[in-house]
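Have a look at the structure that comes next, please.
Naming follows writing order (A, B, C, D and E), and every chain is counted from residue 1.
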Amino acid sequence: MISMETAAQFGSIENLVQLTAGQYTTGSLILMVSYGAHFAFILFFLMMSLQLAPRYRIVPVLSAVVMASAGLSLLREFSLWQASYELVDGIYRPLAENQSFTNAFRYGNWTITVPILLTQLAIAFGISRPDLHKRVLRMIVPALLMIWTGLYGQFGETGDWSRLNLWGVISTVFFVWLIVEVRGVITLGVANSPAELKGWPKNIWWYFLATWGLYPIGYALPQLGFTGDVVVVRQLLFSIADISSKLIYGIILSRYVLRRSALEGY
Amino acid sequence: MISMETAAQFGSIENLVQLTAGQYTTGSLILMVSYGAHFAFILFFLMMSLQLAPRYRIVPVLSAVVMASAGLSLLREFSLWQASYELVDGIYRPLAENQSFTNAFRYGNWTITVPILLTQLAIAFGISRPDLHKRVLRMIVPALLMIWTGLYGQFGETGDWSRLNLWGVISTVFFVWLIVEVRGVITLGVANSPAELKGWPKNIWWYFLATWGLYPIGYALPQLGFTGDVVVVRQLLFSIADISSKLIYGIILSRYVLRRSALEGY
Amino acid sequence: MISMETAAQFGSIENLVQLTAGQYTTGSLILMVSYGAHFAFILFFLMMSLQLAPRYRIVPVLSAVVMASAGLSLLREFSLWQASYELVDGIYRPLAENQSFTNAFRYGNWTITVPILLTQLAIAFGISRPDLHKRVLRMIVPALLMIWTGLYGQFGETGDWSRLNLWGVISTVFFVWLIVEVRGVITLGVANSPAELKGWPKNIWWYFLATWGLYPIGYALPQLGFTGDVVVVRQLLFSIADISSKLIYGIILSRYVLRRSALEGY
Amino acid sequence: MISMETAAQFGSIENLVQLTAGQYTTGSLILMVSYGAHFAFILFFLMMSLQLAPRYRIVPVLSAVVMASAGLSLLREFSLWQASYELVDGIYRPLAENQSFTNAFRYGNWTITVPILLTQLAIAFGISRPDLHKRVLRMIVPALLMIWTGLYGQFGETGDWSRLNLWGVISTVFFVWLIVEVRGVITLGVANSPAELKGWPKNIWWYFLATWGLYPIGYALPQLGFTGDVVVVRQLLFSIADISSKLIYGIILSRYVLRRSALEGY
Amino acid sequence: MISMETAAQFGSIENLVQLTAGQYTTGSLILMVSYGAHFAFILFFLMMSLQLAPRYRIVPVLSAVVMASAGLSLLREFSLWQASYELVDGIYRPLAENQSFTNAFRYGNWTITVPILLTQLAIAFGISRPDLHKRVLRMIVPALLMIWTGLYGQFGETGDWSRLNLWGVISTVFFVWLIVEVRGVITLGVANSPAELKGWPKNIWWYFLATWGLYPIGYALPQLGFTGDVVVVRQLLFSIADISSKLIYGIILSRYVLRRSALEGY
């Protein structure tokens, strides 16, 4: 058996906690549903794109790319979950056969998916070329800084609270900067939208805040204690955030551009 | 060897029962046929959608999404089955190498597939926009409550009958509520259908009751005893329900909208 | 080591027989070629369907579905083959690490593929709606009874000859019934075919008899003895039957409807 | 450890030879590049077919089928390579954990791919229906006899030189017969080609001889000795032959029919 | 345990170095993000090609082929990473269960992807037929020589500095030759581009130098020492190079031909 100190080095509370059968099953259930949903909706978004005016087709296509990338990442988390817990005397023990669990793959995957999600927004709102590049870049820069500082900080979740909180705050500063940039794009979106659809960007704004806001909660959660419930609740939170900010967000944007396509006579 | 009490904690009778070679083979056969059928029909539904008037294309596309998601879930059940039984002295023993079987993945997967199946129905019956959202939401709410209360209850199947039955009843209340909502959509479907097709929604109504009704039977079945036959019959019941309520249901709806497409001159 | 009696319980002679290196390699070669061919032709049939008049497109699409389903089943047989034989002292021993081989997955898979193959035939021959349903149903009923009685009987192949033969005869009765129904569809096919193509249904009739007739031979073969050669020859027979009755049959039907499409001016 | 005699029974020199780290890595590199290239070009050929006049679309579609089938076969060879060599004292030993390597899967796969490659040729050269069937059949018959006699003979490569050489010669006789038939098709191809493209069939003829001619060299090579270099060079030879005779050949034929499409005004 | 000398034979510093938990996780994160991104963008490029004038469609299709091939190669590197490191006493030890890591698969994969990337460039810049072949060939020859000499040299990275540097210099000579050839194609690209897009080839030129230039740095890096940081930084460098020179490069070329399509009135 590995000591607590060693286990803490992995920077994921999953490696410090024993799970009951119910907790273990719920955790794998959450991850399984998540990767299944993401993979399955690849098909939805690809077919959706064939229904749209050419200039909007890229919006659901990018959702399909996000589904594929996130699905692969979540399948990997599921495999780690299965491999790193082991049933001993009716309890699931972490670090089975020296395999460790990590949430870092999530952050890595965001490096790919977050820039795509933000680009999608600007394209859906019909921002045109020279402006589009500038706006997208102005969103991607704080987004990547937010993710990478958060990635560095999350290794502190196994007890190094000052690392967790300091980098969490820095990451949040970038998040606020990002929010300001997204707000700007939303405002352009309202201006660009046909009269019937001017309500959409505003709603998407609130939806964006509510769903992206779940991630920092998941980040901070381990401070509530190293227990099986915290582990499972955090995976649940991340999964709800994933399905909302990627899958349902993609459906919303796709329906918005479908309506725009129709209004533009396609 | 793990004690019966410990095994019961996993909340799946599969972990309590030894299987003969015939039972083990039949069980894996059932799961294998199920995932194979679901995966293979992805192709059918995607190609089908290309034959339809644009407004109906989403119906088979959603079936393809359901096929992919359910196929992945059933493949996972198949893998669990293979990993968790072990041949010892001519009999298949559960909890092999401390791997446990669970049906909970099924319930998890329904969280994705059931809302899609219900949305499909409303779209196929040509319910138009503001009403569509309202109707779909009114079906999804009781459906999710039904599934999640059932998921919680099913962990009682290894002997905690009061948990199984109490939550089974609560889940059934939500099922009845769902049935009422579906009935409403069916009625709209009859009104919306062209004269030649008015019989279809009515038949789909009975088909819906007959196939969705199989799931609560599978839920209650473990009370008949912890035997290999109950285990195998339950997997068979679930598989028949899966293929009927997702795959064949998808074919029926696709053919209905194909007829509507044709009648609308496409 | 497991006793012969125990091994017989699995109901597949593969578990009773030791193989030479050559026999083992030939067996895996046969299964590998089979699943590879089925998977690869998915692409052929999907692209083929895009060349056809809309009403015939379903014919190659159904072949693609059959390819996917049978491919998955044969890949599973291949994995079983690899896992269940083990090299000991220069000979391949069955039931390695207590893994058993089974042909039952084939029969399970036929439950999906055979109804599709028969539906394909009726659609290709241009039988129109109310009649189509009736004819398809009249073929599917004896086909499923044939498969399921055969599945039950094949567990007798490890020595319970009365089980094998009794259920083999019952299954054959259903096969004869099926042949009569198929003959009826062929006759309609001749009537429906344009003059230039009237020879096709007749040839398909003989082709059907010759290829489907291989399966009962594979069923009866174990009575020749529990030897490696019987094991390998039977897998070869099944594979030839699979490739003929699904893959090449699909090519023939696709070319028939391609010709019809052309004659109907598409 | 297994004796040389036993190892020879597997009929592949790979099971008789120890590899240095460099040889082992080079071998897996070759197989990995091969399966990667074949799988990746599936996409190329499918998209290519959408650019062509309908009558030529089948040509790249068949290349896609060949890519899929060969890719699966080569992925299997790669897995065998990894599983059957084992690092002991800085050297890779064959027959690790009693897993054996075999090249027989290649020959099995040719049974699928070679008939397709020959059919492709006749279709690309615009040979029309009754003649097409006859010509294709006249090429497939010697091709299959060549492959199967070669498959039987290659089991002699571990030291049974008379088996290797006798069946090699028989196989070569069928190869010569095949070459004569291909020459006939090439001649028809020259006649059928538009003036601007009459040079293509002639070049394809030399290309065919040069690339298909590599396979018998790989067949005979083990007679140079049971060494790691012979093993690696042979895999390299087979891989160059695979990529030339399937992948690049497919690109050449696709470009030829693309030119024909354009000249026919598509 | 394997001696340093033996480990050095594998020609990859990854086999010589122990990693902390953080380094191990970062390494697998980098590889996971890389393969996920490459696979996911297959969808993007395939859908992109449907938006273009037929003559430019091949450009994103070739990017899709590159994504698939590189994705498979990177998935394989990820698997090697996982299999070849093993957690012992809180540190990740290389050569776990005698599995070795290698970067050679990268070089092997370039043999496929680099010729495609160069062909893409010439096609995107609208170079027409006889010239196209000549130019492509003149780029591919030095490119392959650069890769293969580099592949041979990189086996020296475990301490044989003269091998590493000598072959590195030879490879660089071929790289310079390649750069000259690419420069020629860029010049043609400027001449061929419509006035509005004449800036693009020039920018692509600088982008090409910056991104391809990362690979030799990764090649030389092991001379900085056999440490975990060098291992991780090198994987990061390779991954940045991969995503820039294949994925983002593909997006740039696709957008360029999209603009050309539009200007040519498609």
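In this section, contacts are C-beta pairs under 8 Å (C-beta built on N, C-alpha and C of every residue); 3 or more make two chains touch, one makes a residue touch a chain.
Everything numeric in this text was worked out from a predicted model, so none of it was measured.
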- [ ] Would you mind reporting the rotation angle for the C-alpha fit of chain B onto chain C, rounded to the nearest 5 degrees?
- [x] 70
TODO: Express in whole angstrom the distance between the two chain centres, defined as the mean CA positions of chain D and chain E.
DONE: 28
Open item on the list: Report the inter-centroid distance (CA atoms only) between chain B and chain E in whole Å.
Closed with: 45
- [ ] Scan chain A for residues touching two or more other chains and write them down.
- [x] 42
- [ ] Could you classify the connectivity of these chains, where an edge means two chains touch, as line, ring, star, complete or other?
- [x] ring
Task: Residue ranges of chain A in contact with chain B within the complex - done: 20-22, 25-26, 28-30, 32-33, 35-37, 39-44, 47-48, 51, 86-90
Task: In the complex, chain C residues that touch chain B - done: 2, 6, 9-11, 42, 46, 49, 54, 57-58, 61-62, 64-66, 68-69, 72-73, 76, 95, 98-100, 102, 104-105, 107-109, 111-112, 155
